[in-house]
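What follows is a set of structures for review.
The two complexes that follow have chain A in common; it is paired with chain B in the first and with chain C in the second.
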Partner chain A sequence: MSATMAEKKHAAYICSGCELGARLDVAALVKTATKDGKMPLVREHAFLCSAEGVAMIQNDIDNEGVTHAAICACSRRSKTEAFNFPATAVSRGNLREGVIWVRPDTEEARETTQEMAEDYVRMACAEVKAMSVPSGNPNVGGSKTLLVVGGGISGMTSALEAAKAGYKVVLVEKTGALGGWAAQNYKRIPTREPFKNPEDTGVADMVSRIAADANITVYLNATVTKTAGAPGRFKADITVESGSTVTEDAGAIIQASGFTLYDANKLPHLGYGASPDVVDQGGLETLAKVANGGAIKRPSDGKEVKSVVFVQCAGQRDTTGEHLEYCSGYCCNVSVKQAMYFKDSNPDVETVVLYTDLRLPGNGEDFYRSAQNKGVIFSKAKVSAVAANGNGLIVNFKDLILDEDTQAQADLVVLATGSVPTSGPDLDALNAAVVASESKNAEIKAEADIQVEKLRAKSVLNLTYRQGPDIPHFKHGFNDSHFICFPYETRRTAIYAAGPVRRPMDMLQAMEDATGAAMKAIQAVENAGLGKAAHPRAGDLSFPNVRLEGCTQCKRCTVECPFGAIDEDERRFPLFNESRCRRCGTCMGACPVRVISFENYSVNTVGSQIKAINVPDEFENKPRILILACENDAYPALDMAGMNRHDYSAFVRVIPVRCLGSVNTIWITDALNSGFDGIMLMGCKHGEQYQCHFVKGSELGRYRLSKVGDTLKGMGLEEERVFDTEVAITDIVTLPQRINDYAAQLEAMGPSPMKGF
Partner chain B sequence: MTSIVATNQTILVVGGGIAGMTAALEAAETGKQVVLVEKNPWLGGRTAQLYRYFPKMCHPTCGLEINLRRLKANPRIQVLTMAEVTEITGTAGDYSVNVTLSPRYVNSKCTACGDCSKAVSTEIADAFNYNLGKVKAAYLPHDMAYPQRYVLDPSIIGTADAEAAKAACKVDAIDLDQQTETLNLRAGAIVWATGWQPYAAEKITPYRYGEFKNVITNVEFERLADPHGPTRGKILRPSDGKEAKNVAFIQCAGSRDENHLRHCSRFCCMASLKQTHYVQEAFGDEGKSTIYYIDIRAIDRFEDFYQKVKANPNVSFVKSKVARISEDKNGDPRLWGVNTEGYKRYSEPHDLVVLAVGMEPAVKGMAIPAALSEGIAADSSGFLAMNGNTGVFGAGCATNALDVNRAVQSATAAALRAIQVVNQVARAEN
Partner chain C sequence: MSANNTAMAVRYKNNFLKELEDQAEMGEWIKMCMQCGVCAGSCPTNFHPGWDHPPQEIFMMVRAGRREEVLTSNSMWMCTSCYNCYVRCPRKLPITHIMHGIANYAHRLGVAPKLQPTRNFGKIFWNNAAKTGRVNEVMLTVDLYFRNAEGKFDLMAGIKKALEMQSIAIGLVKAGRLNPLELFGGHKCKDQKGIQAMLKKARELEETRKALKAA
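Take a look at the complex of A and B:
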């Protein structure tokens, strides 16, 4: 539990190692911590991160009752493990990377460098006083069961792998049997050496392993009609065909809802619909299953197929906007496999694959080579039309190698149409329809109601979340992660997408993906049970506290939360679901009445630092610039600028923030009111290719802060006094330059007229 | 002596690139004890040596920062750098592992102040920058190196330079007496995430890599484009430092070739498409890129990245396997071959040639410890494949030619497989 006021004891520790002692007047810093920082215990050490230095702090904690420590030494990114005192509130004053390493070692610079250091000591003292050690989210749920939605290869894999690790699984499949798309296949793309022939799908084996696994409960002909709760304490209503509903507890959810083939009816120019002998890849699997290793017969008249043409990228990689823009990735391999169905039963069948780029990554190359050895012909070509030709079909195409228009006869044509994810409704469209359905115009309302119903019917999870019933879509309707380094990070905590619902993929990839998703889901239930945050602040025990008595029900927090953590209660107050929260602080930044805080990060932990900074009057010619820097990208960039000794202005004071989204405008107005000359906001790239690890945080923060113009005007200040700049972690050289340019600009503008008020 | 706490419920992760770090972090954040072993003096692997990622054009160091923060916050992971696994015995649920640690000559007291580097005069090839530049023999491998601790190159041990470094260190962090040591530790499960290496381009003899200075590899080009690389982000060609405004990219350099790598390395098409952005970024419309390719494999949702590059008038595509490269008098490499779309011969000079070399598993040719080979074995391409019951699991590019995203998925899956084994051990012991 966090310490009560009476038990608190504050201490400051000031390091004089790493040249800090030579470059700074450490005795004066001790005085600053005592006098301005009002720390009852202040110690100096020549090598604070050494075993002796750390032992000194530990001794104070153990024997002097120190509960709050302001460590003024190097950056919080350095010696992190050494200064780890889990039961103590710790702040870090960055005197090394943030002061002496960014200032020239000259007599001239000494005074302003010292002032910089003194401010960072004041700030560290102020910050730690406003902090407490997080006690953990009390609203934990105890369920460690995984709910897996979808019983295809992906869902079955997740279930089996999680069960093997000792976890209970509830597996929900909407059809009458497990197996999904894979069960419709005759064989699968090979998964191991020699990668030369199609393999058994493995579905039957998985189905029997699931039946035999006591950890797995299967619901067939069932859908999830309602999912309430939060990580560790989800309650899922599972409704079966008869209409009866069972409620299951779950700690985390894996959405393995699969895909459908792109509708070949949208491709009439390729003959689909006009002739039964034009099939999609699914249709060919059905024919191959019927043939079961014998000759494949064409649907129209049951004649043995003697010639077959595969048309790759049918309705895919489309640049006209009519069809799928993306490549489905697996279809080249599937066509190779399907061509082998013919060749393996009768080597005389003519098999031609028409492609623009053959895409068989990794060992797919061996499979491709094997097909060539079996006599499958591959031609780089663009197909323009498929038409009936008497008893057969004619395929018109441009041969891209010979650079000429030509045609081929075929008994059967297979269209590689690719996959469309079963990913639930687009939440943006749904939310827009919901807004429209509140219209007073009866016509608009009626239309919107239909639209809402239609979109809701597509829901896979039926979450009761205020922000919508499913995971938000990523590009092209897939439920993928936007992060290259973190492929499982969806925008709904403890709900992970697996398999082709999040990215087009073949069975081997889907099994790998589903195993990874099971890993994340298991991790989520374990951490939810301990009241700890999930990625990217894994293990963080803090959670948003809200003083409801001050809340004005403005709903900004519920709207802005990038992770859908906040619902509304029946009185329309925000209802925080702590275990859904990722601790970015966007709600705290959004709150106009400042009633939201974290124990270790709050309006006060930052606000008190701003207040602690000494702002010289207008005659001293020492401007003050506040920098609020994203702790993941901008702050490390500033640190590394220091490591490379790239100097920047001595007039800046940097405060790291969890995300630009957590920046509350009160910090801006307070800083301006107390005479700061300028404020730099450093956040990550936003927009389509955003790099914010809290998804929308930097964008929301920017939007919010773009509105401070009126405040500035009201104060009679120039709008340049608040400067928003996008920073990447690699901006080590350019960032100091940007700071210096801004400092010069402010100097030219003259001091803030607010000084001395 | 280095001390490590490990039991038969510990997960050993071999390789500290993004796959190994991911496997270690995912397991540790689920409450497991992990020992992470890395051969280099720093974590991050080859992703840390990339300038940008496709398709977002974001910086790999951004994700590395998050992973390092996760690591620093997690006391369940013990990290051993400059360490290699030399022997494994035992079976799933009970392995005994020998790890050999090379001396760093710098202990944990190091504050990364840089005084030793200033005191040393010897320079060595800069391995982090693929030897394109030089660093002092007392060095921090790169700005985000973790552990944040300097390294003394063994070449200066016993010289006055080493003594100078020691004398310059105010915190007694330099220990010139450090020796190679071997640790023995227990583990219940092992994740093998030793990654990949760029295919040795000099083996593709018609391309004259190593002989023509202006023929470089794709991984080297990353360092040229990076502001922290040897040219501070300026794309200058090695022979004469001239700005390389006309750059040729040769795809499948070694890949999809039975004489070299049979497999398709998957990432290289996207990497070259990405690198055309570097040329554009550096020189605007004066920067011209030409991609010589067999198939452009911009798989699944990367397609639109390809379409955007294709729409750039400064980038051209030639469907051709380049036959050979010659060198003009001015140092320009000249490409010879046939454009198979229409069968036209070409002989084109460029300022610089970038070979899109493929991905070779680092385990290829490696002596895999005996117990390891029982459950897991390299296939004929050198990638690891699982064979039945084992407590050893491949992860990332040790198992297949993968891009970063897929390597991380693979590592996350491997973490669960390892957890299955140690959970079984835990259940048996309770």
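Take a look at the complex of A and C:
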């Protein structure tokens, strides 16, 4: 690239279409680009995104040697196909959505609107000069094999779907047979019309299809003992029971490690353990398998079951904090199915389902109706105790409809205990234990060592990542996947969570999940092979560059990276794994010495834009407000505000950022030093209901920026001069209002005392 | 009749749901209730006064086997047949008909509340109409109003009521809706015997059907 560096040629293009020419003084904008933007070549066009306009730019690239183009027309989110010059660095000045569409078309507004446009031209010129064309990640991996961990219904589905798409699959199963929980079932919840009767599980068919598929290699009795590398070039050590280890190459990983039933031994009040005739749902499947369509016999004495009570929400939806807080979502349908096992073999068996709320996702309502038709009794009730009563069991419960305490006799009681994910250790707990194990206190150390070993033993993937051996947990110990927009995406690039490991679900949902995860994994290996980013900046060729000679080894980047992309080398410098990177820039925002940058996004590309903005002195009564807006939600919301012609203050200057997490505090101090009156930070919601595309980015950014108060104090400025606001993409109407309110607040505060220094 | 009641209870071994499925009109629908309570929320009578239990609670009591409580309840008798619940039930239960079915069954067993006004009127109306095949309005009002609180004939009570309602009666006579001469016989159906034979046969058929189910 250094050869081309010498031959840089900058050009600016100013469009006068879409009423830009009527609303703005385009000749003045050309002058701004030439004089302030110092662009050697500036062209104006009446319809820049037309074939003719694009050809004009292409001609300059081909024949005039233009390497950097500042296109001042519409938002960077518009006309991306027209302004697609892959070998040229392109910046965009947002004159349409960002200026004329958010300003009233009046004579008195004309001056400030023109000033706004001129600033965006200056900013586009400054930005493009600081950019270069991303060359792509040189460290690409060639493996297109998918490693699927877990051979249950999810894992088998992922394997079959990926194999069908032509990809090789390595399927690792801990036990001696494929099938997981699904194989333990006698039958499954119906998946097709008329949803009236339990269906065959289909496991045997899947197992035989996997055996016959040349694309799928199966390891039984095997675990993944080490996973090193990065997307496109993972190396997984697969250790089988005998102790021998094979290393397989993989481009992406699907973790389908499934679930276990919540331990019913924790529910002694419901009789589990006290009587063998109290079973969990897994236990009943075993009994039904033995009966194989005949009469189900109870475990204690082999007597035919004549009455059975199903207790829903056993140890689930618990508000005391002792048991599971959540609803597993599938157990109501399972109890309906299991009640049918009894009714189908003998309609005279008394079957009662005691529930607090029946929750029957999918087509479960039809299934429920069918069970009622078969004579299964459903009672809204809260069960308090199950006890042995002579030869049988007695269930004490409160009937919630009739509002009375009552009881029922039963030969057998089935507890719907719900699912607990097999999601590996909690990384926060593990990291805390690791820190404690470095203690000098021998007692603390010994205890921490045991804890570390215990947690490590739970690992599913045994990643060699600095941030821990597995995918992070989110709520209730389930693996975190982007719950709102990208359900299979985890915080580990090209490692996808599928099935009940990421949230409780039934077989049908798990199969859908597994198919989706397989598709994402295929996308990931393909992108990794081309050195491109995975979602949400899919196809992005830029990657973080680090100037190691300036690095102080503070480790903030390695700790903060939401995706665990950064390890440490032997000299304790950050070691970037580009293909694990999602290009959010959180490392860049975190770096106190500013040595991390992307070719097309850096401390400088944003910093130079801030410096290019013209800040009038305090006597002109024209405040300046800098908005740093997340490009995923806030910036589109601002664009849409423009499309809907919702006006906002002419004093704001918006710079899109990849994520609030990428905001470096130097931008804040620079802006305040150069006389900006206020700064608005627009990022996504964080916390339990997060909407950040990079999961933790906005949270990390906010945490970092919450510390600027001290800086402000040091400068003698009010804390309100930096304002953090949470923005969703739908805030189209409220966002302009928030901007205007803030502008009014700043006006009331008076101009920044930093102006003119 | 209460002997019949005991006999049915024994025959169904306290499986009250099954008993109503066999013996009450539309009883086979009771098991399909999902306890949403839309029926209760839709009922214009608001269950006040008199409704001991809204429909979904009756259904739950049936499933819980609370036989006597359901059969002696006045709830089913309070239904005004507006069909609001019937139309709104998301499970498409014919609730109005089930209410009537259970009420009728309780009546046949002789355990329904004796002087419940709906039941009382129904009984008088049926006897009146089944006798001649035509309703005799004058005799209907006499049967209905010349009674004391215990249901015994009471001349004074009837006269008091007649005075109270005389303007309505005069209006009905003027409009030709009430003929005072009906007191002495009144209009009849042509083939009275045929009507009665037909009703008898219908009852026989129903009894046979229900007995078969119970067997």
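In this section, the second predicted complex is superposed on the first by the 751 of 757 C-alpha atoms of A that agree within 3 Å, B and C clash if a C-alpha of one lies under 4 Å from a C-alpha of the other, contacts with A are read in each partner's own complex, and residues count from 1 in each chain.
One rule holds for everything that comes next: contacts are C-beta pairs under 8 Å (C-beta built on N, C-alpha and C of every residue); 3 or more make two chains touch, one makes a residue touch a chain.
Please read all numbers here as calculations on a predicted model, not as lab measurements.
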| item | value |
| --- | --- |
| Simultaneous placement of chain C and chain B on chain A, clash or fit | clash |
| Of chain B and chain C, the chain that contacts the larger number of chain A residues | B |
| Touching partner for A:375 - first (chain B), second (chain C), both, neither | second |
| Touched partner set for A:401, first chain B, second chain C, both or neither | both |
| First, second, both or neither for A:329, with chain B first and chain C second | first |
| First (chain B), second (chain C), both or neither touched by A:392 | neither |
| Shared chain A contacts, counted only where both chain B and chain C touch the same residue | 358, 369, 380, 401 |
| Contact set on chain B toward chain A in their complex | 18, 25-26, 29-31, 47, 51, 53, 56-67, 69-70, 72-75, 109, 111-113, 140, 143-144, 148, 170-171, 226-228, 232, 256, 262-266, 295-304, 307, 319, 340-343, 379-381, 383, 385, 400-402, 404-406, 408-410, 412-413, 415-417, 419-420, 423-424, 427 |
| Chain A-facing residues of chain C, complex | 17, 31-32, 34-35, 56-57, 60-61, 63-64, 66, 91 |
| Of chain A, residues touching chain C in the complex | 358, 368-369, 372-373, 375, 377-380, 399, 401-402, 406 |
| Complex contact set, residues of chain A against chain B | 17-19, 47, 49-50, 74, 77-81, 84, 161-162, 164-166, 192-194, 317, 319, 325-329, 357-366, 369, 380, 400-401, 403, 475-476, 478, 480, 482-488, 503-505, 509, 512-513, 515-516, 518-520, 522-523, 526-527, 535-536, 538-539, 632-633, 636, 640, 643-644, 684-685, 689, 691, 693, 728-730, 732-733 |
